[in-house]
Structures are given as C-alpha cells and as structure tokens.
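Worksheet: the structure to be examined is printed underneath.
Here the chain labels run A, B, C and D in written order, and each chain numbers its own residues starting at 1.
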Amino acid sequence: MATTVNAANASSRPHHTLWGDAWVRLRRNKLAMAGGIFIIILALAAIFAPLITPYGFARQDLTAILQNPSSKHWLGTDGLGRDVFARLLYGARTSLAVGIFTQVIVLGIGLPIGAIAGYAGGRVDNVLMRFVDVMYSFPDILLIILIKAILGGGIYQLFFAIGLVAWVDIARLVRGQMMSVKSRDFVAAARAMGGMGPYITERHLLPNSLGPIIVSVTFNVPRAIFTEAALSFIGIGVRPPTPSWGSMISDGYAVIFASWYQVFFPALAIALLMIAFTFLGDGLRDALDPKLRH
Amino acid sequence: MTRFVIRRVLWMLLVLLVVSFITFTLMHLVPGGPWSREKALAPAVVAALNARYGLDKPFFVQYANFLLGILHGNLGISYTYQDRSVTQILMQGFPKTAILGTTAFVFAMIVGISLGMAAALRQNTWIDYVCVMFSTIFASVPGFVLGILLMIVFSVVLHWFPTGGWGSPSQIVMPAIALAALPAAFIARITRASTLETMRQDYVRTARSKGLLERVVLIRHILRNSLIPVVTVAGPQFAALVTGSVIVETIFSIPGIGRLFVQAVFARDYGLIMGTVLFYSFVISVANLVVDILYGVIDPRIRYD
Amino acid sequence: MAPLLEVRNLKTYFYTQDGVVKAVDGVSYDVNRGETIALVGESGCGKTVSALSILRLVAEPAGKIVSGEMLFDGIDLLKLSKDDMRKMRGAKISIIFQEPLTSLNPVLTIGRQISEGLEFHKNMSVQEGMEEATRLLKMVGIPHPERRVYDFPHQFSGGMRQRAMIAIAIACQPQLIIADEPTTVVDVTIQAQLLELIRNITKELNTSLILITHNLGIVARYAQRVFVMYAGNIVEHGKALDVYHSPCHPYTAGLLGSVPRLDEPRKARLQPIEGQPPDLIALPAGCSFQARCAYSVPQCLKEKPVLTEIAPNHYAACWVSQKGLREWQKQ
Amino acid sequence: MKRKTVVFSMLAIIIAAILVLAPACSSGTTTAAVPQILRVNLGSEPAQIDPNQASWAQEKSVVSQVFVGLLGFNQDLTLRADVATVIPTVANKGISADGLTITFKLRNNVTWSDGQKVTANDFVYSIKREFDPTLACAYASFYYDIVGGEAYNSATNATDAQLATLKDAVGVSAPDDTTLVVKLNNPQPTMLQCMALWPVYPVRADIIAKYGNNWTDPPNYIGDGPYLLTEWVHQDHLTFKPNPNYWGTKPKLAEIDFKEITDANAALAAYQNNELDIVGVPSGTEKTFLNDKTYDDQRNLFNDLTTFAFQFNVTKAPFDNVLVRQALSCAIDRDSYISNVVGGIGKPALSWIPPGMPGYNATIGSQYAFNVTKAKQLLAQAGYSDVSKLPQITFSYSNTAANTVRAQFLQGQMKDNLGINIILDPEESKTFTTNVNSGKFMWAYFGWGADYPDPDDWLPSLFGTGAGNNHTLYSNPAFDALSATALKEQDNTKRLADWDQAQKMVMDDAPIVTIFYRERFNLVKTTVKGLKTTGMDGGIIGDTFFNEVSISK
C-alpha cells in the first residue's frame, strides 16, 4: 500500500497555511533568498564590525587623509584619515536601523489606519482620510526638518521624524488595495458565509493587498536611508562621529572633487542594499500572492 | 461628481487651516528666532524688529493676524528679505519650481511606466532584468550625488549643458533627470508589479478568448487596469516632485521656492515658512484631489459619495 | 458525417517548481454538430484545462499542450498559426467562464466587452457593435438592455453577469461553445434559468456545446453524451442517461452519490466520495482512483485500466466493472 | 515586437530631447574672454542691499559696487578719502582737539548715477536713517558714539513726535553742501574707520520716499559708485553695468555678473565649465587643488581678518577652572590640523587678533603651543590627573560641512591626546547662535571677522563684562578697566599698547582656544587682470576693487 500512502501525503501538500506555503515558495526563489541572505550577512557584519575590522569608526589618522584604497585601508580613508571600510560597517548599523525602524513606525501607523479606512469605508473612512489628508498635505522634508529642529539631534529623533511623515503613503496604498480587493467576489463570498470583519481582513484582504504593500515597503527602506542622506546633506542627520551611509555620502559629496571614493563606496553600499531589498520584496510578493498558490 | 468636488474643496480649505495652525505652532516651538545672529544685534534693534513683525504680541493674536492677512491675500513680509513680501517671493519662485517638478514628473511617468510594462511583459527575460537593474541603480543614488555626477559629465566634460541657473530649456534637463530618477524607478516597480498582477486576471483570459489582437488585449484590458495603482501613487509622486526639489534646486542653483523654504526654516523666516508650507500644502491637496477624480475615472468601481 | 470537434489523445502538462502536473493526460472525445456533451468531474480533474486547451489558452509558459490532435471541422487547431488560432477564438469557438465577475473587465462597460469581439471578427463599428450588444443582452434576457449595455460589471448581479458572459460567447455565432461550470457561483433557481437559456440558444443557433460541470444531475438534463474525467483521464463515457442510470465506474457512482437524484426517492443522506483526488505530479502506477475506491481489486494497484466498452456505446476504464462485478449499481 | 517598440520609442523621445537641446546649450561654454564681463559667485541671495540695513558678506559685496562713502580702505587697509577731500585729522582741523567733533570736507564733483550732485545732506540723511528704530539697522550700534544716536535708535515705541525730536537731536549736520559735521559723545579713535563702512554710505532721501521698500530694485537703486545694478533676478543673479555718471576713474569692466550658486561643488563645476571667473575652493579639497598642476596659475590665496576658535563657557565646570582651559588649549595640535586636514590653508593661531590687523602679536598665547605633557600637568594641577573625573564635556557647533570636520578633529584630539571623550552637538545655526548667545553651552565653535581693522572691534565687545558678544561670560575687571581707557585713547601707539596688553590678559585666562587664522583660497581665471584682494572683502573676493579689474584674452 506504500504508493497509496505517498499519494495520500502528497495530495495533502496544498493545504498549508498561507504563511507556511509562502515560506516554502520563497525558499525556492533564488534571487529573493540571495537578497535576504545579503541583508542578514550585512546585519551580522554590522553587529560584529569590531571583530571584522581593526579600525574604530572614529579613529583618526591625520597623517593619512583622503587616501585611495590600499591593502592597509581597503576602501581608503576619509577627510580625517578614518578607515572608510570600518565606517561603512559601523554605518550599516545606523542605516539599517534608520531604514527598518522608520518602516516599523510607518507600518505601525499606516497599515491599521489604511486597513480600517479601506475596510470600514463610509464615515470611518472619511474621518481617517481627512486626518491622512492633513498629514499628507505637509511637504515632507519641511515637516521632517521642523520636527527635527524641535527634537534636536540624535538617531531616535530621526526615526521619529521620518516615520511620522512617511506613513501616509502606505495608509493610502493599503486603503486603495482594500477597496479594490474588497469588491472581488471571494471576499463577498467570505462575507456571505458570515465571516467577521477582522477575520475577513486577516484572511482575505491583507493577504491579497500584501503584494503592493511589500513592494512599497521594500522600496521605502532604502528610501528612508535616502531621506537620512538628504538630511545629512542639509546638516541635520545623525550625530557625528557616528557614521551612517547617508552621512558618509554627504561628507563624501563635500570633497567629491578631491576623492570620488568618498561618495562611491557608501553609494554602492546603498545600491546593493537596495537591490537586495528589491529582490527580497519581489520574492515575498510572489510568495504571498494567493493567485499563485495551487 | 460636482458635489463630490465641491465637498472636497471645502475639506481642502479646512485641511489647509489645520495645516497652517500646526505649522505655526511647530514653527514657534523651534528654538531660536529670526533675529539671533552670530554677531548679536543690539537689544534696541531686536525690540524694533519684534515690534515691526508683531512678534511682541501673544501667540494666538499673532496667528489671528496671520489669518486676517491671508483673507486679504497678504502673507506678510519676509523676515530675511525685509523689503520683499512673501507673496512676491513665492510668485517669483513658484513657476520655476512648478515647471521643474512637472518636467521631472513627465520624465518619471514616461520612463517609469515604459520600463515597468516592458519588464512585466517580458518577465524573466533580459529586458526584465535590464529594466529592474536600471531602475534600481538610478534609485540607489541620492539626488545630490546624481546631480553633481550629471554636472561633471554633461557640463564639465561634455559641455552639453550649463551647470545650473534658469532660463533656457537646456537648464532644466539635468535637474529634471536628477529629480525624476527615484520616482521613475518607483513607478517602474509599481507598474511592473501591477501589470504582472493584471496579466493573471481572468478577464484578460476572457479577452483572449474573444480572439482579440494581443495589442488590443494589452492596451484595452491590461494597461488600463494595471495603471490604477500607478495613478494612486502618481498624485503623491507629483506633489513630492513639486515640493521635493529642495536639494536639486540647491545644487543646480534654480531660483525656485524649494531652495527658499529650507533656508526659511533655518533662518526662522516665519513669514516665508508659513507662505511656502501653505503654498505647498495647497499644491499637494489639489494633486490629491485630481488623483481621486482620475482614480474614479479609470476605475468605475469607485463611487464618489 | 464527421464530428465538429475531435480531440485525440490530448496531453496538457504544467511545468511547476514541484514537477510536471499532468492536468490532462491523454484525453480523447468528440462533439457532433449541434450536440451538447458534458465533461464531468471533481474540481482539479482537468476538465477546465482540457477545455482551455481547445482554445489554446492554457497559461504559458508553465502550461503546455504536449501532444494530441484537436480536429475542428477537419482542421487541427494545434497546427494553426497563432494568428489563425486567434481568428478561431470567439468567432468559431467561444467559452463561458465560471467566475463571471473576475472574468469581466471591471473598467469596461458590458456593451463594450460584448462588442469588441464583433468589431474584430465582424469588422463592425463601435456603434454597430453596441447595437448588436444591446440585441444580444435582450436575447439573453437582460431587462432594459439599451440602458444596461452601458453598465459596468459591478453594477450587474451574479446571474446577469453570467448572462452577459453568455452574450459575449454567442456574439459571433460560434459553432462551438464551451461552458465551464457556468452555474457554480449562482444560486439554484438562477442555475436552472441560465442552463435553459444556454440550451435554447444552442438549439436556436444549432451550436455545439461542451458543458463542463461536476453535477451529473445537470448533465442528465442537458447533455446527450457525457465524459467523466478523473485525474486527467476520461474514466467513463457514454449516453448521458446510460451513465446516469447505470454508471460503470465507481467514481461516477460516487459522483452520483454526492448529488441529489431528482428521479429517485431521496435517500437518507448523500455520501460524498472519501479522500482526496491524487497528486497529479506523482500519479500511482495503477488506477488513479484506487486509493479512494471501495471496490478495488489487487490488479487496480498494478495496472492502469483502459477505456473498454462495457455496454453498447458505454465505455469505462475500470478493472472491476470489466470483471462485471458492479455492486455499486445494485443499490 | 509591437510592445517593445512602444516602450523604446518612449525612451528614444527622451534621448532625442537631450540630444536636440545639447547643441543649443553649448553656447554657455563658448570662451568669450574679450568682452569685459566678470562672472563671480555671490552665493546666497543678499537679504537687504539698502546700505543702511545691509550687513556683512553678500550685502556688502553688492553695496560696495554701487556706492562710495566719505572714506574707504586701501588694499593695505589704511584709510582713503573718497567722497571726502581728505581724511580728517587733528592736524588738518578735521578733528577737534577734544576729539568730539569730526568735520568732513566733501568733493564738489561727486554725482549720483542719475546725474544729481551728492551733498553733505545726503550723508546727514543716511546717518540719521541708520539710527531709525523702525528700520532696525544691524550696524547702528557701531555709531552709538555719535551724539543722540543710541537714544534715537533705542526709541522703539515712541510717538512720531518724540521720534522727530530724537532724530533732530542726532549730532550730524551739514552747514553747507560740502561740509559734514559729526559730533561725538566721547572721542572714538576708530570712528573714522566706521565712517568708511557701508552703513553710512550716502542714500537718496527723495528716491526712498518715492519708492519705499522697492527703492533697492533696479533702476530705482541710485548710487554714487562705479557701477549700476541693472538687473536683479531674485535667487538667480545680479547684473552690474558701469555708472555713466560716475565721478571717479571709470571702471574697465563692461559688466559684472553676480551668480547665486549656493552649493560649493556646483560653483566649482560652473568655474570648470567656464561660467565663473572666480570660485572658492570647497573646504576639504584644498590639498587637491594645491597639488593639481592645471591650477598652478589660477590659485589666489590671502589672509582675511578672521580667527576661528573654540570658546568655553567659563561659568560651567570644569571650564570655570582656568587650568583646565589652558590644558585643553595645549592639547590641540593646530599645526597638524592646518597641514593635514585643510592642506596647509590658513595659519595655526595661538593669539586672538589675526595677522594683517594692527595689534597682531605672534608672541601672545605662545604658551599654548601643542604640548601634551604640559597639558596633562595642567590638568593634574587642576585636580584632574584622572580625566575620567571630568564632567561630561559637550561641544556645540553649527552644522556646516566644514564645522563638522573641525568638531570631529577636536574630538579626536581630546581622545587621542588626553583620553577625554567629548560629545559633539551639531546644532542648526539659529539654534546654535541662540544657545550660545544665552550661555546654553559648555564649549562651542567660534569665529570672528573684522568689521574694520582695529583691535577695539576684537576685544571689549567680546570679552568685556556683559558685552553684547561676550558668550564665554568671561569677566575680568582689570581687562574692563584697560579697554575702557583704550577705547578713548587718542594717542595711537599708546592705544595699541593698551590693546596688546588687553589681548594678553584674555589669552592668559584662555576663555577661548584659538585654532587658526582664516586664509581664503580661490581659483581665478588667468584672463582676470588687476584683481585686488583685501582682508575686508565680503562674500566675493576682491569686491572692493572691481573697478580696477579687466578681462584679457
């Protein structure tokens, strides 16, 4: 009866949970996994930076300023003779933190508001959307600058300022998704079968809206890192000497006519991180897309 | 429909009011005032200035006066450029910022949608990879870096474009590109995602079952549906482009209000801050409204009520 | 005279990351002019895929028609160029999908979606198309067609949407219509109406119909012949009533057991078929139904049964029934 | 395939657009050196170009093209008579024996750009206007020694009548069109230098009355200087053309363009793309441009009268302890900063008053030469042999790119040389200045540039007890007494001796750690001839002598 047993087991395969199933298919997506692994490795490298590089991120060697890459300093040194590679590693800490924590704040605020507005519709939607409108009507950078100017320097203020401004887009996106998904019939069916709001939201609406949300989040992580760069550029980024890729780029920008390395390496780092998040995001989207499940 | 628009416009005014109040409050919470200088002004001078700008009055009186001013279409006098009115300054700067933002928006849309569609329709082919790479790389370079790179390549090396300033079309190209890069990439990604999504829809299969030409299926059935999410982000993107040209304007020395308003915050130019914020808020709200209308136009499921 | 459509040994596979899904694995059937046949089976047994294969609309690149012949009016559809095939779709062969909402483009008016086929195949202008669409809507029984033609799908009820789908299908008076579970998502009363509608229209236009369903009750009523599919194969086929009254395959019997019999005193309760359909990637060596079969004999494990004529014009692929022991008919 | 073509045609359009525009714009790059046009970068938009209200840098650069005052500065910063016939002295009766009355004799051939004569009344009007409380002119306090000036300027909420009387009471008068009499409360030896500054350049009462705030827009902007402001595109550029009615030697240039490029790199690119004739070298890239052979004949370096320092808040522990202040001052390797970080631009500073100024004395502050062991000894004396016992030190600065480097340099020095960890607090400039002006800091960045070349602009207003710019809250009665006498001292040698002693007092008490004297590093196109730089130059170098500049092939 062996075959029978196999058949029975095998035929029970498609009955995973949404997430379990997604994980199975994510694992099969090589690019996505590559992206994820890169991010993890980067995170580890950031955490264990002291074990990887002998240089501290603030250690100056005024006799070796703006040096090109060499065996001593793999990626050269900056305007105060600090090892760029070391600063990149330590900078990854800040930049990843900025990228991820701001998104946590963004999702924390944007997802529920968007979901509620989109699902409930009617008056609730109206009220929430007016609130969103107000937030939304602020020019981002100005609001960030104002908040930052009030709160003063420091990385937490940075998360707060960026996150507090960036959640609106997600909220709108989620709402839009909710509204279009809601009108599809399987949700109607679920409703007909007497599914409760939260249940429907969790089981049908969210999974079906996840694609675009994830795309936008994976895009916003590097974007937050950019915002940080822009803020560093206008001089209100993280507090030196703590490096962040953004601040390294803007520091590098100041001396771009002396040494383009100063901009190139952090920019490259951001690009790689961005690509990693892109692949991971696409992978997640496909993995989580209900229409792709058999 | 008209009722919807009217109601939305009224809402908009309310929103602007709230925005103005929040900004006004934040602004006064920010440490440091317009008169603090490295070489301190004499107390008499500061007193005179406060008197001239009504800063000696209580907070709410100041706000009330500000609102009254607006009713008379008067945003007050700049604190930095003390012989020019805020309205004057905005009117001189805005057209430039608007043109720049719009050009960048058009770039971003054309490039973004083209790349996105191409990538989706040729999923997992070299076209797809090229498009993804292109958009990723462009999105991975901060505006100011891209700006100076363009400048070095196209001005210093190739002598194609002037490094900055305003006036001739040639002076818009580089800033517009620098400004459009990130949104273009973003739109490309959204388009790709939603096109892939749409291509899997049953109605596309139905369309094919009617034996329609691929082109017809693509344009009538796929494109239009896959643009819905794009439109949702288009509005924010447009607003972001018009209001987000701060750095690009700085690098390409464009006499727009983008450059002005960060300076305004740093200079604590209360008049200019309020002016720019309200101005920008207005632009954003309008873009927002337009998008909601468009959204309804391309997606009949959305009802205005 | 030759049948309108003759499908011979059709094989349509899906190449997924898990392996090759043999959705349709050597299916043969034929449809005569003006005839209505039924493809019956549980969901996922390959009936829809075999239908899509006829239109060559199997989702590529994953899905592929690996082999077989599909002679339509003597022409092998599989040999047609992409262009000629497209000219077939809608004009000669059309399909009614099962989910009317998702199968209709949400952003186009019903009328437009009906007329676009006409514009392409009958080179009508948009107005002519819309007028024709109105007529068709009237024909499929939509009240106030002249107004409704400008409605969007979301403004239609489930039943009306399906009527619209029908209108789309019959727009160019095709010779063959494939109705893929046209009634699964609407409620019983409307089911009846729709099926009547389809039958009348096919009669009227003398169109052949392939009715895809899992409901043998319907089959008995509307189809002349029936083909029962299981795990990508046809396991039984014959005259609708023969199959209905004396199923020669335990699976068919199971299906019957799981539908209310209108012609018999209601049994205490319906018995659904136990277990799951097999994994189409790893099909068992012998009879694919064996695992769920109450009557299986050792041979079922070893050899794959082939279609053999059990009764006149009544074929089944089952060792048991070939041996003539068919307890299931003795109920 | 159809779709592909659609896609790529769209891309093609863009590329086409670029290519089409390309030739159109290469016009910006044609090297037309023969036309006498000087293109310089003003940086940010000037706030007010009304001479009375204008302040340092940008504004000054604009004003000094369009206006000429009674007196001016030569390149060596000695005074020069411009509208005045001679520099008033006690000898030529220009200054009364008691030093309380200064009488200027005016040339009678001085005209405004619209042809009218410049009379003493124009100066009377201008000086009184400088004190007008409703205008709140930044530099008014420079002239408080003029009789009635302070009173009028401080009458913030007075009635019009009161203002009128106060205005009349101001001690400036014009007995005739070519005589200007200025009465002082007390002798002020540097008043003449103040009279050479733009805030008291003549302005036209009738024009201001006619155009109000818009009088500074061309063509209303009537001046008596070599150039006219013909165009001002806000935030973009200003254009100057020679003043046809200029009474002095006619300028050689046919046009001066002031561009408003705020980004240093962009300006440099503009220079390299031949859109600018003069550009500042971005800080941090000095070494590169010093070593790059292609710039050998384009470099322009000169000291301007600016000293950069780190100021202590002497009321906050541990900086209330002079030993600690001296110790930290000894622990900073200024030479290394100059030679390594900024590629040798600027001079290491131990004293306060910079070279090129009367009163500069290299020996002052020599005790702070880099010496770690000495620094440690001083700390030990102060009771901090174990630096971990020091309170947490925070260093504040306004967050410019250059300052960020300097601050981190300091942080590094403290860490490496003394093992002290200091926290950096970058602040947005207004926040920074507010905090510093209100004593809300421990240790802060500090720069001072000369308003006019005299020590009395460098000491009492900064280190006098309770003085307006005394942020260190330093207070030393001996110093106060000494500067009080020095301010009124008529005998110049004695005066300078007093200031020298005063400076020594301050530096010994070390309320500030001087770091370096600024040196300005610009690139100048070889086609620019006759550029004269001075320590008093504003936003643009050489702006004081643009009327002597010419362009060659």
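The definition used in the following text is that contacts are C-beta pairs under 8 Å (C-beta built on N, C-alpha and C of every residue); 3 or more make two chains touch, one makes a residue touch a chain.
These numbers were taken from a predicted model, which means no experiment stands behind them.
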item	value
Highest-count interface - the chain pair sharing the most C-beta contacts	B-D
Centre-most chain, if every chain is reduced to its averaged C-alpha atoms	B
Identity of the chain that, by mean CA position, is farthest from chain C	D
Distance from the mean Cα position of chain C to that of chain A, given in whole angstrom	47
Distance between the centres, which are taken as Cα means, of chain C and chain B, whole angstrom	53
Whole-Å gap separating chain B and chain D, where each centre is the average of the chain's CA atoms	37
Averaged-CA centre spacing for the pair chain B and chain A, given as whole angstrom	22
Interface hub residues of chain B, defined as touching at least two other chains	30-31, 148, 228, 299, 301
Junction residues of chain D, two or more chains touched	265, 428, 431
Where chain C touches two or more other chains, by residue	99, 102, 106, 154
Chain A to chain D touching residues, read off their complex	58-60, 62-63, 65-66, 79-81, 149, 152-153, 235-236, 239-241, 250-251, 253-259
Chain B contact footprint on chain C (complex, rising order)	55, 57, 59, 86-91, 94-95, 97, 99, 102-108, 113, 116-117, 120-121, 152, 154, 165, 168
Chain D-facing residues of chain B, complex	30-34, 36-49, 51-52, 80-84, 89, 92-93, 107, 110-111, 114-115, 117-118, 121-122, 127, 148, 151-152, 155-156, 159-166, 168-171, 173, 214-215, 218, 250-253, 255-256, 259-260, 263, 266-268
Complex contacts: residues of chain B adjacent to chain C	201-203, 205-213, 216, 220-221, 224-225, 228, 298-301
Interface residues, chain D side, partner chain B - complex	2-4, 6-8, 10-11, 13-14, 17-18, 21-22, 24-26, 28-29, 44-45, 47-48, 50, 53, 56, 133-138, 140-141, 150, 153-154, 156-157, 213-214, 216, 233-237, 259-263, 265-266, 269-270, 272-273, 275, 428-435, 437, 447, 468-469
